[in-house]
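Consider the two complexes below, in which chain A is the common component and chain B and chain C are the respective partners.
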Partner chain A sequence: MKKRGRGIGLSFYGTGYGNGFPDASKAKVKLLKDGKVGIYVGGTEVGQGAKTVLSQIGSETLKLPLDKIIFISEDTSLMPDSGTAAASRQTYNTGNAIKIACENFKNRLREAAREQLKLNAIHGLTVEKGEIYLEFFPQKRISFKELSKIYGDDNIEAEGEFIAQTIEMDPETGQGAPYWPYTFNACGVELEVDTITGLVEIERAVFAQDVGRAINPHLVEGQMDGGFAMALGYVLFEDLKLEKGKIYNNKFSKYLIPTAMDMIQIENIIVEEPEYTAPFGAKGIGEPVMIPVGPAILNAIYDAIGVRITELPVTPERLIKAIEEDGKKKEEI
Partner chain B sequence: MVEIKLKVNGKSYILEIEEDMRLLDLLREKLGLLGVKEGCSEGECGACTVIMDGKVVNSCLVMAFQAEGSSITTIEGLEKEGEIHPIQQAFIEVGAVQCGYCTPGMILSAKALLDKNPNPTEEEIREGISGNLCRCTGYNKIIQAVEKGKGV
Partner chain C sequence: MQAYRGKTIEEVIQLLAKYKGKVIAGGTDLIIDLRNGKLTSDTLIDISSIEELRRVEEYDETINIGAATTFTQIIENPLFQENLYGLKRACNTVGSPQIRNKGTIGGNIANGSPAADSIPPLLCLDSIIVLESIKGKREIGLEDYYKDNISIKEDELIISVQFKKPDKGQILSFAKLGLRKALAISRLSIATLLELDENNKVKTIKIASGSLGRYPMREPIVEEFLLGRELTVDVTDKAVKVLQQVMGERLGGRSTLPYKRIAVERIFKEALGDGLKRLKGVEIW
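Up next, the complex of A and B:
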């Protein structure tokens, strides 16, 4: 018999290393010949969109179009350490480092402009669209290109470092505030359980993710879809056969992951509540997008058939077994 | 060693190959077409997908000598006069690429589908790319990109 159920799952997640562990990101910004700006960070792009989002943060801070920015994150001879592309930390941590480095760089540009324009101070000098000009006397202006001709490649540069605020928890009581910031999300699913075959079919899914601010909404949606799909696989069929350190199903023919036919359209809701310590309010969501999906699916299965599943994945065999065991228990009562 | 004749991305080749060579190795090693990716090597992931005489094949499962006389398209063959294919453009525009490893195979599967069925339903698109695994995107942006690439 096919039974329908609905369930929700909620989660909150601290991004970054947390628990007092030193969490530092560094960034370097340079004026290049031809007036372009180079941004150098060790924030590895692994497909999550770090390069896009971090370039955007640089572009926004420098008020410079993206095509005037050369962003390098894969050459260790050029870039400082920005920590790992892990812990959902690049947008917030390295984003902050870039913002600081860009602000420092703007001051270096203002200094150079003061010298060239023969001004007394840097106050009132605006940096935007590749130019530095005096706000109340805009005829006094000089472009990045002119400055790079005068100072040459590599002479105007600045660095920035961001160290996240994390506090070690009390080892005695286990109490404290280990992370900052946190991100919040909620997932709701409607599904159908076939009590004869044990198959679970997701019919509808809604996912709301707090991102602080969506620097690139396309990429945020991509992360939400991807997190849902990976969680769907873990919850319904991915089962690593690990025995004494050996993986017995280390092939895609024996370890199934979702295909396009297993996925459905997700109704994604991006929640924007800017985080005041974040670059333009943005927080990382790489890992959190997976977390509430499992509880939502298990709650929906419970809603459909009244059986609590406590072991993953919920394969048809396991589900049928759980239904039978539950039936026996109820008979005994 | 055997000699085979085949056409790859519109260009004719006569090649000396080892008998036990896979089409995947011919394309990557003999012709330097590195857009053909090796993933699982057992025909499950679709990263090595190419179009062979209008049909998608996993080039890890096709022996090189079996390609005798055939016409093969790899991702490199979609470019025309320096312009990328509309499906590639659509992938970029909707954000259907994350780590990118599945992308060449995914785009070729989408192209083979649209060549045969210019106006597929969402279900048909899902089926058409179901031989290509993607761990990053959850497929939905890819579906959206194929929708966008329809009829262009």
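Up next, the complex of A and C:
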């Protein structure tokens, strides 16, 4: 028989290392010879979109178009450390570091402009679209390009560092506030269970994710789709078949991950409630997007067939076994 | 390792006689074996550019599929849209588009896997395979080929697979249980060839299974059970029980049996139901 069910999963998740662990990101910003600006961070792009989002944060802070920004994150000889691309922390932590570095860099530019424009002070100097000008007398202006001709490409630079505020939990009681900030999400799933083959067919999924602020909504949706697909794999497909320490499903013809054919169109909802300690309000969502999907699927399976699954993945074979065992238990009662 | 690209069948059988090499067409299984160091021969003979082996030919009474015909070619051929639809459906469940573009029907036979998707429909059609070596041509039944333990001699080339065209009232169907929607090795598969008489009783029934034994095979006991009966819900349920009994005896003791014994009901009914639906134009169960 084919039975339908619905389920919901909820989660909240802390951004960064947390629990008092030192969590620092550094960034360096430099005026390059053609008037472009180089941003250097040791924040690895692993496909999550760090390069895009971190460039956007630099661009927004410097009020400079993206094509005037050279973003470098692969060469450790050029850049300070920005910590790992892990713990959902790059957008929040390194984003903050870039924002601070860019603000410091703007002050360095103002200093240079004051000198070249023969001004008494830096107040009233606006940095915008590759130029520095005096707000109440805009004829007094100088471009990044002109400054780079005068100063060369190694003289106007600034660094920024962001250290996350996290507190170690009380080792005795386990109480405390290990993370800041948190993100929140909810996932709802509708599915069909074939009680003869044990196949589970996801028919609809709605996924709401709090991101603080979506620096790049398209990438946020990409993360949500990716988190769902990954969870789909670990809940329904990916089985190492570990027996006495030996992995039997040791190749991708046996260790099944979902294909594009197994994935469905997710109805994504981005919830924006800017976080005041975050760069433009943005929190990390790399890991959280995977968490509520499993519970949602398992709850929906329970809703469909009344059997609680307690071991993952729910392969068709395991599901049939669970249904059989449940039937026997009910007979005994 | 040496590799030859054969331009004609004649050239290939000469090469085979000389080197006892391994024939390669799509390479979707062979290349993996090669990488895993499982290939016993150090000579490869590529047949993928021999046009004669890469086409489907229709005659008055028979259809002849060249051994190096790809699954995609079969899927796209209008010959398999109507009552031979089950073969198209089986070929369409092979691997992924990339594998279907390269993999061939002859390779599916030569590889000898119990899970080969295209074989159960071909068994329902009582297909024969045509082999050629320097000693000449020979034909063997596909069913016998499996029973005789993959009986191709090392100097023989599979030229084609042939079968008699089914009558208009006979419908070939196929259903497969894979654990995901693409790139899934069949856990079990069923093909049926069904014809009803004017009283809605089963006039012709051929049933073949995949992954329910050491090789794909016909299920004569189930066929016999269904012959002459009307395919009511009750009769179909009983046929499932017969099949479960047969496979239970065959697979006794295997860890996969308990699951397959249950799941086979869906796949058997899907194949048979699909045939019935196409014959009568309505969904029955």
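By definition in this document, the second predicted complex is superposed on the first by the 326 of 333 C-alpha atoms of A that agree within 3 Å, B and C clash if a C-alpha of one lies under 4 Å from a C-alpha of the other, contacts with A are read in each partner's own complex, and residues count from 1 in each chain.
Here, a residue touches a chain if its C-beta (ideal position, glycine included) is under 8 Å from a C-beta of that chain, and two chains touch if they have at least 3 such contacts.
As the structure is a computational prediction, the values presented were derived from the model and not from experiment.
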> After superposition on the shared chain, which partner residues are touched by A:261: those of chain B (first), chain C (second), both, or neither?
Replying inline: both
>> On the A-aligned overlay, A:111 touches which partner chain: chain B = first, chain C = second, or both, or neither?
In response: neither
>> By the touch definition at the top of the document, which applies to A:198: first (chain B), second (chain C), both, or neither?
In response: second
> Counting only touches as set out at the top, which of chain B and chain C does A:219 meet: first, second, both, neither?
Replying inline: first
> Between chain B (first) and chain C (second), which does A:253 come into contact with in this model arrangement: first, second, both, or neither?
Replying inline: both
>> So in the superposed three-chain picture, is A:321 touching just chain B, just chain C, both, or none of them (first/second/both/neither)?
In response: second
>> One more residue to check, A:103. First (chain B), second (chain C), both or neither?
In response: neither
> When the two structures are overlaid on chain A, which partner does A:230 contact: first (chain B), second (chain C), both, or neither?
Replying inline: first
> In this superposed model, does chain C or chain B come into contact with more residues of chain A?
Replying inline: B
>> Quick check for you: in the superposed arrangement, does A:49 touch first (chain B), second (chain C), both or neither?
In response: first
> Across the two complexes, what residues of chain A are contacted by chain B and by chain C?
Replying inline: 253, 258-261
> Along chain B, where are the residues that touch chain A in the complex?
Replying inline: 39-40, 42, 44-45, 94-95, 97-100, 122, 125-127, 129-143
> Where on chain A does chain C make contact in their complex?
Replying inline: 194, 196-199, 237, 253, 256, 258-262, 315-317, 320-321, 324
> Once bound in the complex, which stretches of chain C touch chain A?
Replying inline: 96, 177, 179-185, 187, 256, 258-259, 262-263, 265-267
>> Taking the touch rule as given, give the residues of chain A at its contact with chain B in the complex, in rising order.
In response: 46-49, 218-219, 221-222, 224-230, 251-253, 257-261, 263, 265-266
